[in-house]
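Alright, structures below, take your time with them.
You will see two complexes here that share chain A, one where it goes with chain B and one where it goes with chain C.
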Partner chain A sequence: MFGILASVIDGILVGAVYGLAAMGLTLIWGVMNVINLAHGAIIVIGMFLLYIIVYSLGLHPYVAIPAMIVFGFLFGIVLYWIAVHRVIGQAELMSLLSTFAVNMVLIGLGTAVWSTSPYNVPVSMPSISLHGYTFTGTHITAAIMAVVIAGLLYVLLYHTRIGKAVRAVANNREAAELTGIPTTQVLAMAFGLGVALAGVSGTLIATLFPFTVLSGDAYQLKSFVVTVLGGLGNPAGALLGGVALGLIEGLATPFMPVSWIPVVEFGLFVFCLIAFPRGIFSFTKA
Partner chain B sequence: MKRSLYLFAAAVLFAGGPALAQNTITIGFTASQTGALNNDSTAQMRGIELWKDHVNAKGGIKAGGKSYQVKLVSYDDESQNTRVQQLYTRLITQDNAQFLISPYSSGLVATAAVISEQYGKVMITTGGALEKTYKLGNKHLFQLYSGSTQYLAGALKALMQKDPKPSIAFVYENDPFSKAVTIAAREQAKKAGVTVAVDESYAGSTTDFSPVINKVISAKATALFGGGHYADGATLARQLHEQKAGLKWVTLLVAPDSPKFAELGDAANGISVPSQWEPQVTFKPDFGPTPAAFAKEFTDKFKIAPAYHAAGGYAAGLILQHAIEQANSIDPEKVTEVLNKMDVTTFFGHTKFSDDPKSHGLQVGHEMVLAQWQKKNGKLVKEIVWPDAAKTANVIY
Partner chain C sequence: MSDILLQVDGLEAGYDDVQVLWGISLKVERGAMTTLLGANGAGKTTTLRGVIGSLRPRAGRVMFAGEDVTQLSAHAKAARGLVLVPEGRQLFSDMTVEENLEMGAYSPRARQHFKSQLEKVFSLFPRLEERRRQKAGTFSGGEQQMLAIARGLMSVPEILIIDELSLGLAPVVVQQLVETLKALKAAGVTILLVEQNLHLALALCDYAYVIAEGRPFLEGPCREVAAKPEIRQAYLGL
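This part shows the complex of A and B:
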């Protein structure tokens, strides 16, 4: 019986990190209507930043978190000007192709530098053992950090002028422009934020599991499922969606072979698209 | 005088050019330089390259009164079946490869075998243990590795020496090789009256094993057999350690054989792996290097110790070379005849291929060992723990 509870707790912990990864995707999608297919590659950048921080610079693994937020934000702004700015407002396929190309370039560069071998960054944290089941300190820390970062993003979006500007641009770019909001800068900043969030989630994931240059794909797919569950452009929804996904994974595993989990996940994805096209946890009105 | 010298030089080049070209033998293969199989496949490729360096330094392969320099043609198959299909066709039709060595992993070998057989090319397979591929009536395919049903048989025997009534969790990747290996072991375990506590397969891309490990803990398993390839196996080992799964015995396929596995630190300690070859084996080769000489030269060249994938790569070249030299011809049918009758020992161990038409080319001579990571003076080393005749240390249980 405790085994099921243990799986549920594990699911919630890892789900919070899925939620953080999806927040980056949902923010960009919600604000500028761009499906960022470089999302997985950016998650991988976060993973390798942890590797560099620990092995090349010899610093504590969690130093990588603020480092990734700063680096991800700046990298995102550069990426916005290079690959996204000119295709905003055009057919959605254009931004899809543009970010897919960025994805291929980043994966190609990563493969050239690190090959596709697995990398491992062991992070030692005290863990909690109950009834023979162990919850690792890294999982608990990652989940707490994910919730804190989501909270900070929420405050930024809903309780600051910058956040108001982002939401205004998301709702109606032309109207926002007429009120004097520098929409291009706001879009660049939102993209930077989205990239920083994806990168940080990658860094946190790398504290939990070994990774390769190609690991981003799996998390990108999960991010899509979470985004559909949580609704577009809603960070709280993304976090809840992530936790829900982790919970489903945790709850389903004791009762069915693990190879069936992707069937459940993507079955749910299709069901949500049909039944709740704006997301189960979407609080915005159509 | 100067002019006649030029003419002479031109004449020599003209006459010598085609003769030189004829004295080259082209051997084609693909390696997964990128993708999920990169780690083990790269080791295999390095083994092949080291063999080429050795054979060319010694004057090449000798057959029919000629010496053939080995020319390797290889491509990155990106760990994908579709690429293997395209690239082996290309190796045969455009690069004119006369002989082939397989890619790494059972899945890719099965794909390459369809192409090699279609064109009647001799292919030595290494890194392809799945037996099914050799039971399809192929005539020019020869397997170097022990078959997949052999993989966990030794681990099961070694475990039962320590605990006659273990409760085993089978947690394995759902690719053809890992499934075949684990299903065979599960049947062997059931026959021996062992409890099968968990039977779970997972996708190779799995990154979080926590739910499965909770299942293993709930089922009160005492041993775990499984894994698949490097990436998933390393992750599983790390999480088993972090979640303190309470297992007394863990045998994983493939991943722990790589020297890179030691990077996991304490998570690697005590993990065992069925191995086709280990540097400590003491086979007395009929030809080619000794195990120690191979291990030294490999380490000198690549600055990393060889594991069985690297040894398999070298041995594939060596066996092919021996077959061509014994046939005294580069005619594929003559080389096939020699391979059919081959019964030799190299640094890699005993090699003999089945000549039964129903399982032609299946390896019937080679035997596996069980290796285990053990901490000695604070440093992780891989020791042979089974069979007793070959062991270099007692098993940690």
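This part shows the complex of A and C:
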């Protein structure tokens, strides 16, 4: 009995990290109506940054977290100017193709450098044992970090001037421009934030599981499921959606072969799209 | 020669293949209330979009406080005090009253005056203070228009341009807003009012421009314009 509970708890811990990944996708989507198909590749950048920090630079693995936030933010701004700026406000297909092209370039470069073989960065953290089940320290740490970063994002968006400008641009870009907000700069910054979130979730995932250059796709798809669960452009919803997805994975794992998990997840995805087109946790704050 | 705050010369603008404006010129005197009139589709809103920079003019020049601002983006103009209250209010509907006002004061120049301007705005519209934590999207049309004007005032306008003040509002609400405009004018705010309600605008303003089919039609002091029979022609196309 405790075995199921243990896998549920573990699922929730991992789910918080899925939530963080989805926040990056949903922030960009919500603010500029761009579905970033380079999301998965950016998650992979986060994974390999951990590898570089640990093996090439010999630093502590968790140094990769702040490093990825800074690098992701700057990289995101560069990406915005290269691949996104000109397709803002155009038909959605334009931004899909443009970000998909970025995705292919990044994965191509990654494959050239690291091939597609699996990598693993063992991170040693003290673990907690209960009734013969072990909760690894890395899972607990990753979940705590995901929640803290989500909280920081919330504070940024709701309690700082620049964050409120991001919401204003998301809400009504033309009006934001009229009130003196430099909306193009705000969009570039929001894209940088989204990329930083995706990247840092990749770094956290890499502390938990082995990864390859191609791992991004699976997490990108999970991010879509979480976005559908949590609603668009809502960090709290994304975190809840991620936890819900982790919970479902945790619950399903003891009862079925692992290969069936995606079937459950995407069955849920389709079900949510039909039954809750605005997202289950897409409540509006009064 | 009086003090001209905003001067538009030969403005031409349009959308894609369609040219809407064919040489609009107007002058707004500091401290005065000027109005731009015309029938639906005459090009009033397009003129404002060209002036404010959300639409790039094809020809012509916009001078503001002695500076050529034709090529500046809308946010840069707003930061200089050239402020538009757009048609249809365009509030940040998911954000609270307070947040809307805070966004109005986004530019560094407006930020310096945030506290004093907020007091002014709340004394002008006490309802907004009562509802400062309510979301803008839940407001009635009249309240939204109040908030839109209040947000414009938070930008510390040198000139406040209001597009369609009365559109879609109940007469009693319009009357309240007219009183507000009078108070603003008395306080020395320069206003450019665009209205499809001819009588309302002519009763309030000092100087009027009438445009028809994207071209200047007639202009003059409001009292004189109100008495001219041609004004019906501009509206009815007779």
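The rule we apply is simple: the second predicted complex is superposed on the first by the 280 of 286 C-alpha atoms of A that agree within 3 Å, B and C clash if a C-alpha of one lies under 4 Å from a C-alpha of the other, contacts with A are read in each partner's own complex, and residues count from 1 in each chain.
Note that a contact is a pair of C-beta atoms (placed from the backbone, for glycine too) under 8 Å apart; a residue touches a chain by one contact, two chains touch by 3 or more.
All of these numbers come straight from a predicted model, not from anything done at the bench.
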Inquiry  = Using the superposition on chain A, tell me whether chain B and chain C clash or fit.
reply    = fit
Inquiry  = Contacts for A:L59 in the overlay, against chain B (first) and chain C (second): which applies, first, second, both or neither?
reply    = neither
Request  = Pick one for A:R167: touches chain B only (first), chain C only (second), both, or neither.
outcome  = second
Query = When both complexes are superposed, which of chain B and chain C contacts more residues belonging to chain A?
reply = B
Key: Inter-centroid angle chain B-chain A-chain C after superposition on A [Cα, multiple of 10°]   = 150
Request  = Would you sort A:D10 into first (chain B), second (chain C), both or neither based on which partner it touches?
outcome  = first
Request  = For A:V78, decide between first (touching chain B), second (touching chain C), both and neither.
outcome  = neither
Ask   = Touching A:T136 in the superposition: chain B (first), chain C (second), both, neither?
value = first
Query = What is the contact status of A:E177 with respect to chain B (first) and chain C (second): first, second, both, or neither?
reply = second
Message = For A:V105, using the defined touch cut-off, is the partner it touches chain B, chain C, both, or neither? Pick first, second, both or neither.
response = neither
Key: Lowest C-alpha to C-alpha distance for chain C against chain B (Å)   = 38
Remark   = Interface residues of chain A shared by chain B and chain C, listed none
Inquiry  = For a test of understanding, state which residues of chain A touch chain C in their complex under the given definition.
reply    = 161, 164-165, 167-168, 171-172, 174-183, 284, 286
Inquiry  = If we count contacts the way the header does, which residues on chain B are in touch with chain A in the complex?
reply    = 33-36, 38-39, 42, 79, 174, 200-203, 205-208, 210-212, 214-215, 217-218, 230-231, 234-235, 238-239, 242-244, 246, 260, 263-265, 267
Task = Using the touch rule from the top, collect the residues of chain A that touch chain B in their complex.
result = 3, 6-7, 10-11, 14, 111, 115-118, 120, 122, 127, 129, 132-134, 136, 138-139, 205, 208-212, 214-215, 217-218, 249-250, 253-254, 257-259, 261-262
Query = Taking the complex as given, what residues does chain C use to touch chain A?
reply = 52, 54, 73-76, 78-79, 83-84, 86, 90-95, 99, 102-104, 106-107, 110, 135, 151, 154-155
